[in-house]
Amino acid sequence: MGVMSPDAKTDRVCPYCPLHCDDLIVSAQGEILSGGCEIACGHSSQIPLLQPTIAGQAVTRQQAEGEAARLLGQAHAPLISGLACDVDGLRAAVAVADQCRGFFDHGASDGFFNGLRVLQRRGALLTSPAEVRNRADVLVVFANQPWSRLPRFFDRYVPSGAQLFNDAPANRKIVLIGGSHAPDPLDGADVQVIPADLSKAAELALVLGALVAGRTPAVASSAGIAIDTLKEIAQALKAASYGVVAWENGDFGPHGDLAVEALYDLILTLNQTTRAAGLPLPPGGHVSGAHQVGLWQAGTPLRTCFTAEGPVYDSQLYSRAKLLADGRADLVLWISAMPGAVLPKIDDLPVILLSSTAPPDGPPPRVYIPVATPSLDHDSVFFRGEGVVSLHASRWRSPAPYLSVAETLAQISNQLPKGEQHPC
Amino acid sequence: MIVLTQKLTLPHRIDAGALVPAALAGLSLAQIEALSLKTGLKVGDVFTVAKSDGDVVVFRTQDQAVDCIGEGMGEGEIRVEGPAGRYAGRSMSGGTLHIVGDAGDGAGQGKSGGLLVVAGKAGDFVGSALPGRTSGVSGGVILIKGSVGQRFGDRMRKGVMIALGDAGDFCAARAVAGTIWVRGRLGQAPAQGLKRATLLLEHAPDALPTFQDCGVVEMPVLRLLLPSLDRLAGTRVADSSDYRAHRHLGCIGVDGRGEVLVLA
Amino acid sequence: MSAPKIINGISIDETFAEAFPMVGARIIVTARTERWAMNAGLAFTGFATSVIGCGCEAGIEKVLSGAETPDGRPGLSILLFAMGDDALKGQLTNRLGQTILTCPSTACFSGLTTGKKAALGNMIRYFGDGYQLSKVIDGQRFWRIPVMEGEFLVADFTHYQPAVGGGNLLILADDGEKALFACEKAVDAMRKVPNCVLPFPGGVVRSGSKVGSKYKALFASSNDAFCPTLKGLAHTQLSPETGSVLEIVIDGLSFEDVAACMKEGIRALTDGGRASGVHRISAGNYGGNLGPFHFKLHELLP
Amino acid sequence: MLTRLKGGRLYDPAHQVDGATGDIWIENGRIVAKPANGAKPDVDHDITGMVVMAGGIDIHSHIGGGKVNLARALMLEDHETYKHAPQDGLRAGSGVATPSTFSTGYRYAQMGYTAAFEPAVVISNARHAHLEMSDIPMIDKGGYLMLGNDDILLQMLASKREQSAVNDYVALMVQATGCIGVKIVNPGGISAFKFNQRNLGLDEDTAFYHLNPHRIVQSLAQAVHDIGLVHPLHIHCNNLGVPGNFQTTLDTVRAVEGLPIHLTHVQFHSYGAEGDRHFSSAAAHIAEMVNATPNVNVDEGQSMFGQTVTASGDTMTQFRNAGFGDPKKSICMDIECDGGCGLVPFNYKDKNFVNALQWTIGLELFLLVNDPWRIFLTTDHPNGAPFTTYPHLIRLLMDKTFRNEKLAGINKHAAAASTLGSIDREYSLYEIAILTRAGPSRILGLKDRGHLGEGAAADIAVYAPHANAETMFDTPKLVFKDGELVVRDGQIVKTVWGATHVAQCDFGHSIEKEVEKWFATWKGTRFSNFVLSKDELEADGRSRWVGHNLARRS
C-alpha cells in the first residue's frame, strides 16, 4: 500500500477477480493505494513491455494483424475463445466469430455451464449480491475453498456491519460446506465449517431436500456429513426468512449440473413455505460478460457455432475443450486481456493470441498481439461475476502502448475478405 | 437404396444429419454427391456414393468422425457398417437405425420414436435430452448390446432403453418415466432425482441413499415387462420366473415415486 | 300367426326376437388361480342382468388358460353391455373399482383392440393417491396401483364397440322342471359361442316382461300373455299343453354373434326333441317397432 | 442530398392528414418543405397511390436488458427454430419471442417501425439494458426506469419523507440510468415477495415497510409529473392476471387522484371473476373508465396464440404462475434491492378457455376505447406475443369479417362469453396511424417523430395498399430511417443505428450524496461507477444520445 497522493484516483474498478470491487484507490501510475486484495496487489502496476510476433519472430503490430486476418480468412472453422476481456472486446469478438463462421466459447466456461444447463432445462430461482448482503439470515455455501480466488467475498456479500432488513446480523448463520476453514472476515460471526466431498454434492442436496420436505433418508451420512448435522442445516434453512444457498459451479465436477439441479430443487422446496434463493459464486475470466454479450448478439449462449444457417448452440459439442479434442476447429483465436482464461496447450492448430501478458512458455503461437488491460489501460465495462450489475471502469493509468481488444479485432476484421462465405 | 462409403481422411468432423432415407429417396447419385452438409462440405467430398438394392441407406464408416447419422429420421432404415460418431439417431421419431459398430456420445438424444440398435458399445449421454429441453427420450426403443457410458437415459420421459453391458455413472438421472434396463453393472450414483421411471437391474447397485427400501416384493408388471424386454433385446432376462424384485422407491429428494428394481 | 316349423317334435314359431343396439366392452381378468379370477368375475358380472334395473348387462364369456392371457395366468374374459357410452364407462369403472381392484391377486386387461376407448386404469388410478405409476409396454399403457397386497396391474383402457342386446328365445315346455333342464342344456351349448353372454342367472330368466304396466311408475311388467297361470285370458299366447315358459336372453358384440348363439340354442333344444318336455320355441318382440335387429327363428334353424 | 417521395397517400394524424395525396421531401435526414427554388430531387421515389406513414413507434416492448437475456438463454427452442445467417452486411441472429439484438432491429425495420421502448429497466441493470439497446440497429430506443420496489424509495416513503425529496430521487435516477420514463411494476409487490408475501392488493400493506401500493403509486405519479417527464407514470398494476383484477385497475386510477398516468398491458388487468370458471371479461368496465378519464392512457398488451415467453419485473406474479409454464421451466430472481424479474414460457392456445378469453378481452378493449390517441398498439412483447404479430393484430382491428372468422375458431365457451362478435367497429388507416405512430410520439414527447410535418425526422414507412391489412403492414415497400432508405420490399438494404432518447432532469445535489451513501453502504458499490453518461454510451459510435430537456412542474 502506498501513500495517498493528491492525484490519486478513487472508485477504480478492479479487473482481477469477478467480484470487480469498485472502491479501489490507485495512484496516477496505477499503483493500488487502497482496497486491493492480495490478488489485486499481487499484480504489478508496471505496463509490461511486449512485442507482437509471428511464429515467435518480432514483427510490427500491422504485420501481426495482417497475418491474423489472413489466417482467419483461410480458416474453415475458427474457434474464438479465451474471451477474458471487457464488454467492447467481447462485442468485437462475437462480430469476428459471426464474420468468420466460427465457434464461440469462453476459455474457462466449464463450471459456468454446470449452472447454465440447469437454467436452460429447468430454470432458476436466484438472488444477487445486494440482496444477500441485506437480507440473508442463513447462508449455506457449497464450495471447496473459493476464498482464495474471491478474497473479498465476505466483505462484499456478508459484511459484518448492519443489514437493511436484519437488525441483528450477528445472528446470521453461515454454513460453509466443503471448505476446510473459514476466511478471516468471518471471525466472530456464527460460522460453521463442515468438510464434505463435493463430488457427491448432488446426493447431498437431494438428501437436504428430502429433510426439508420431512422425508428421512435411509443413510447415516451423505458426502461425509452426518444426517443429524444435515437435519440441523435443513431446519435452519426452513426457519430462515431469506435463506441463500450458494455454490461454486466448478467444484462439482464434469456432471456438476446434477448437483446444481438438486440445489435448485432444494430451493424450490424451501420456497413452498418461506423465501430462499440461489447464488452461484461468480466465475472468473469475465465469463458472465462473455455469456451476456454473446447471448444478446447471437440469441444463443456461449458454445455457439455461426453456421451457414445462423447461430447453432450445443453446450456439449461446441465446448472449447471438445472442439479441440475432436479436431472440429482448425484455428484458435484466443483472447486473454485479463486473468481467468489461460491459453491451453495446443500443439496441432495455429493459434492467434491476443493477450495483455507475454505468451505462455513453450512453442510460440502463430501470431501474438499484445493488448491493453481493460480498466487499467482504458475505460471499459465489466459485468460483475453474478452477471446482473455491469460497471463502468475508468482507466487507472496513462494509456498503454497497446490497442484494446476491441480496437485490435476491429483492425483484423477490416482486413478480412469482405463478403466471403466462410464454411464452418 | 444408397451406400455411402466414408473417404479415408476427413478434414474435420462431419455432420451427416441431412442424409436420412426420406431425403435421399429419389435422388440421383450426382444429386446426392452435390448435397451440402451442415459443416460446409458436400457429400461427395466425404463419401463415395453408390446405389444398392433394397430400401436401406448404408453408411460404411472408418472412424467416429461422422456425427448425427440418422438425425431426425422419421421413417425408413439406416444401417451403419462401422462406428458412428456423436449424436447418432438424435431427434429420430421413427424408422430403424442399426449401428453395427460402436456409437459415440449422445446417441438417440431427444429421440421420440423408432428403433436405435447399437451392436457395439456407446458413449455418454445416450438417450439424453436435447440442450435446454426438460426431458430426454420420449418414445421408441434404444438397444445397446455392449456397454454404455455415463448419464444413460438422462431425463428419460417415455419408452424403453436397454444396455446389455455395463452402464456408467449417473445412469437414469432425473428420469421422469419410461423403462431403463441394464443387464451389466452400474457406475456410481444411479437414479438421482428419479421421478417416476423404472430402472431395472440384475445386479444391485452400490448404494441408493435417496431411495426407500421396499424389500423384495412380487411385481405383477414384470409378467408383462420382462417378456417384452426379452423380445426387444433378443435375449433372455436372468431367471426371474417368480416375478419378484427388490424395490427401491424414490428419489425422495425430489418427491419422486420412481423405482429401482433389482430382479430377485 | 303363420305356420310353425317342427323339428324333432318341437314346433318353432315363425316369429322373431327383437333386439336393441347396445355398446359392449370386453375385459380380461387374471388371477393367481382360476378360483380368484372367478371370484372377481362373478362379482363383476353380478347384478348385471338387465339394463332396466342394473345399468348394464354383463357376463363371463369364457374361462381362459394361462396361455390365453396377457400375463400368463389363468383368467376370464368378461363382456359388459350398456345402452350408451357414458353408462358403459360408468359401469366399467364402478365395477372394476369395487370388484376387481378389491379382489386379491387379480389383474385386469383390455379385451378388445379396436373401437372407442373406455377408461380402466386411467380412471381408477387415482385410488393410488399419487403413488400410482404408469408403464407403457409394447405400446400399451398400464397402471400400477399400490394396494395392501402388493400392486394391482390394470390396463389404461379397454375398447368398446356397437353391440346387440336382447336376443332371446322363449322355451315352452310341459312343466317347470322340464323347461329348466332343457334350458340348462341350451345354456351350456350357447355359452360356447364367442362374443356373447347370457346375462341372467344361469343364463335363464323366468320373468320375461312386456313393455309398460298399469302402474304408471313401472316401465315393464309381467309378460302375462306367456304366463301359464293366466292362460284363460283373452290374449294368451299359450296353448293348453304349455305348463311353463322360460327365456334365454343373449347379448353379443354383433348381430351375427347373437344369431350364432341363438342358433346354437335352438339346435340344443331341438336335439333334445319332444321327449325333453319342450314342445315349442318362440321369441319375444314388440312388433318390430322398437328394435332394429330382428332374429327370425326360422332362419336360425339347424 | 434531396429526396422526394412522390404521390403517396399520406396518413399523418398529428396534422389531421387523412389519406391526402402529396409529396414528401427529405434533406439531411429531415422532412423539409418542397424547395421554393424548384430544385430537382437527387433521388425520386414514385410511390403514387401508396400509403405513407411516419415510422412506427412501439411504446412498450421488452427488447433489451438482463431479463431479456435470461429469456434468450431459457428459450433455446425459440432460437433453434428461428435463425438467420450473416449476409449482405447483416449480422447473424436468432429468435422471434426473444430475438437477438440484431434480429430485433432488422425485424422492426422490416415492419416499418423505427423506434421501440424498453419498459422495464431495473436500476442496477440499466447499463446492461443500454448495452443491449446499443446493439439494436435500425431503430431509436429508450427505456423506462422501474421504480416503486426499490428499497431506497420504499424507505423514503415509509419514513414519510417530503414529496420534493422523492421528486429529486426520481429525477436523479432517471438521469443516472439514461431513461425517458418511469415505470412501476406491481407497486410494492416485488419487494413484498422478498419478505415472503405472495399476494398484494392495492390497499393491503406490504410486509416490512407497511406501505400500501396506493401510496406508492400516488407518490411516484406525483414525482413523475412534478419533475416534468412528458410520459406519465407507466403503471403495471397489482394483481396481474388474477381473475377479478379489473377492480384493482379501477382503484389504481382513483388512487392517483387525477394525475396523468399510463396503464400498461391493460389486457392483463381487465379480468372479471364471473361465470362457471370464475374468469370473465371486464373489458367494458375498463374501457368505460378510460373513456371517462382523460388523464389515463393505456397500452394494450394484446395476447396472440402461439409460443412465447413472459418476461416481467413482477417476480411475485411470475413465481405464482410458474406452474403454467409451457415448456415447464421458469426463472425468478431477486435483484439488488431494486426489484426482480421472472420468466415463464407460455403457449397461448386458441382452444384453451382462459387463453381464448384473454385474446377477446384485448380486442374488446381496443374496440371499446373511443379515443385512439389514448390507447396504443402493443403485445407487451414478448409477454402477450412477439412484436412480429403486429401486422396480424392490425388486420384484426381493421377487418371485422376476418376478426369474426378468427373468433369462430377459438374455444367455444370463450367465444360465447365474449361480446367481441357484436362489435362492428373497424379501425381506419388513419386510426392505425394514431395507434402506432402519432399517439406514441405524443405521449413520449418525441416532438420530431411520429409525424410527417416539416422538421420531423424522416422516419417514414411506405406501404403498398392491400385488401389484406396483414400483408400490407407485414412488408412495407420502402422504409426510411432518418432520411436513409433502409428497407425495400421488406428487405434490409442498409444498416443504420438509431438514437437513444433520454430525459434530461434537474435534481437537488443533496439527494446525490444520499444515494451515493446508500450505494456504498447497502449495495457495496460506488454510485460513480453506476451512473451512465452520454460519453460512455456514445463512445463506440453506434449510439446517439438524444436528450429531452424537462421543465419541472413544481
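Residue numbering begins at 1 within each chain, and the chains themselves are lettered A, B, C and D in the order written.
Just so we're on the same page, contacts are C-beta pairs under 8 Å (C-beta built on N, C-alpha and C of every residue); 3 or more make two chains touch, one makes a residue touch a chain.
Everything quoted here is computed from the prediction, not taken from an experiment.
Enquirer: If you tally the C-beta contacts, which comes out ahead, A-D or B-D?
Expert: When the contacts at A-D and B-D are counted, A-D has more.
Enquirer: Name the chain whose C-alpha centroid is most distant from the C-alpha centroid of subunit A.
Expert: C
Enquirer: Centroid of subunit A to centroid of subunit D, CA atoms only: how many Å?
Expert: 33
Enquirer: Give, as an integer number of Å, the spacing between the C-alpha centres of subunit C and subunit B.
Expert: 48
Enquirer: Based only on mean CA positions, could you tell me how far subunit A sits from subunit C in angstrom?
Expert: Inter-chain centre distance comes to 75 Å.
Enquirer: Can you pull out the residues of subunit A that are in contact with at least two other chains?
Expert: Subunit A, residues with two or more chain partners: 120-122, 307-309, 313.
Enquirer: Give me the residues of subunit C that touch two or more other chains.
Expert: As it turns out, subunit C has no residue touching two or more other chains.
Enquirer: Give me the residue numbers in subunit B that touch at least two other chains, ranges are fine.
Expert: In subunit B, the residues touching two or more other chains are 131-134.
Enquirer: Go ahead and list every pair of chains that touch.
Expert: In this structure, the chains touch in these pairs: A-B, A-D, B-C, B-D.
Enquirer: Within the complex, which stretch of subunit B touches subunit A?
Expert: 11-13, 36, 38-41, 67, 86-87, 105-106, 125, 129, 131-134, 150-151, 155, 169-170, 173-174, 189, 192-193, 207, 209-213, 251-255
Enquirer: Give every residue of subunit D touching subunit B within the complex, in rising order.
Expert: Against subunit B, subunit D makes touches at 74, 76-77, 327-329.
Enquirer: Would you mind writing out the residues of subunit A in touch with subunit B in their complex?
Expert: Residue positions touching the partner: 76-77, 101, 117, 120-122, 200, 202-203, 205-210, 213, 215, 217-219, 222, 255, 258, 261-262, 265-266, 307-309, 313-317, 326-330, 423-424.
Enquirer: State the interface residues of subunit D toward subunit A in the complex, per the touch definition above.
Expert: For this pair, the touching residues of subunit D are 64, 66, 68-70, 72-74, 76, 79-80, 83-86, 88, 91-95, 98-103, 124-125, 127-128, 131-132, 135, 151, 193-196, 208, 319, 322, 325, 329-338, 343, 520, 522-526, 528-533, 536, 539-540.
Enquirer: Using the touch definition up top, name the residues of subunit A that touch subunit D in the complex.
Expert: For this pair, the touching residues of subunit A are 11, 13, 22-23, 87-88, 91, 95, 98-99, 116, 119-131, 133-135, 156, 159, 164-165, 241-242, 271, 274-275, 277, 291-293, 295-301, 306-313, 379, 381, 383, 387-394, 406, 419.
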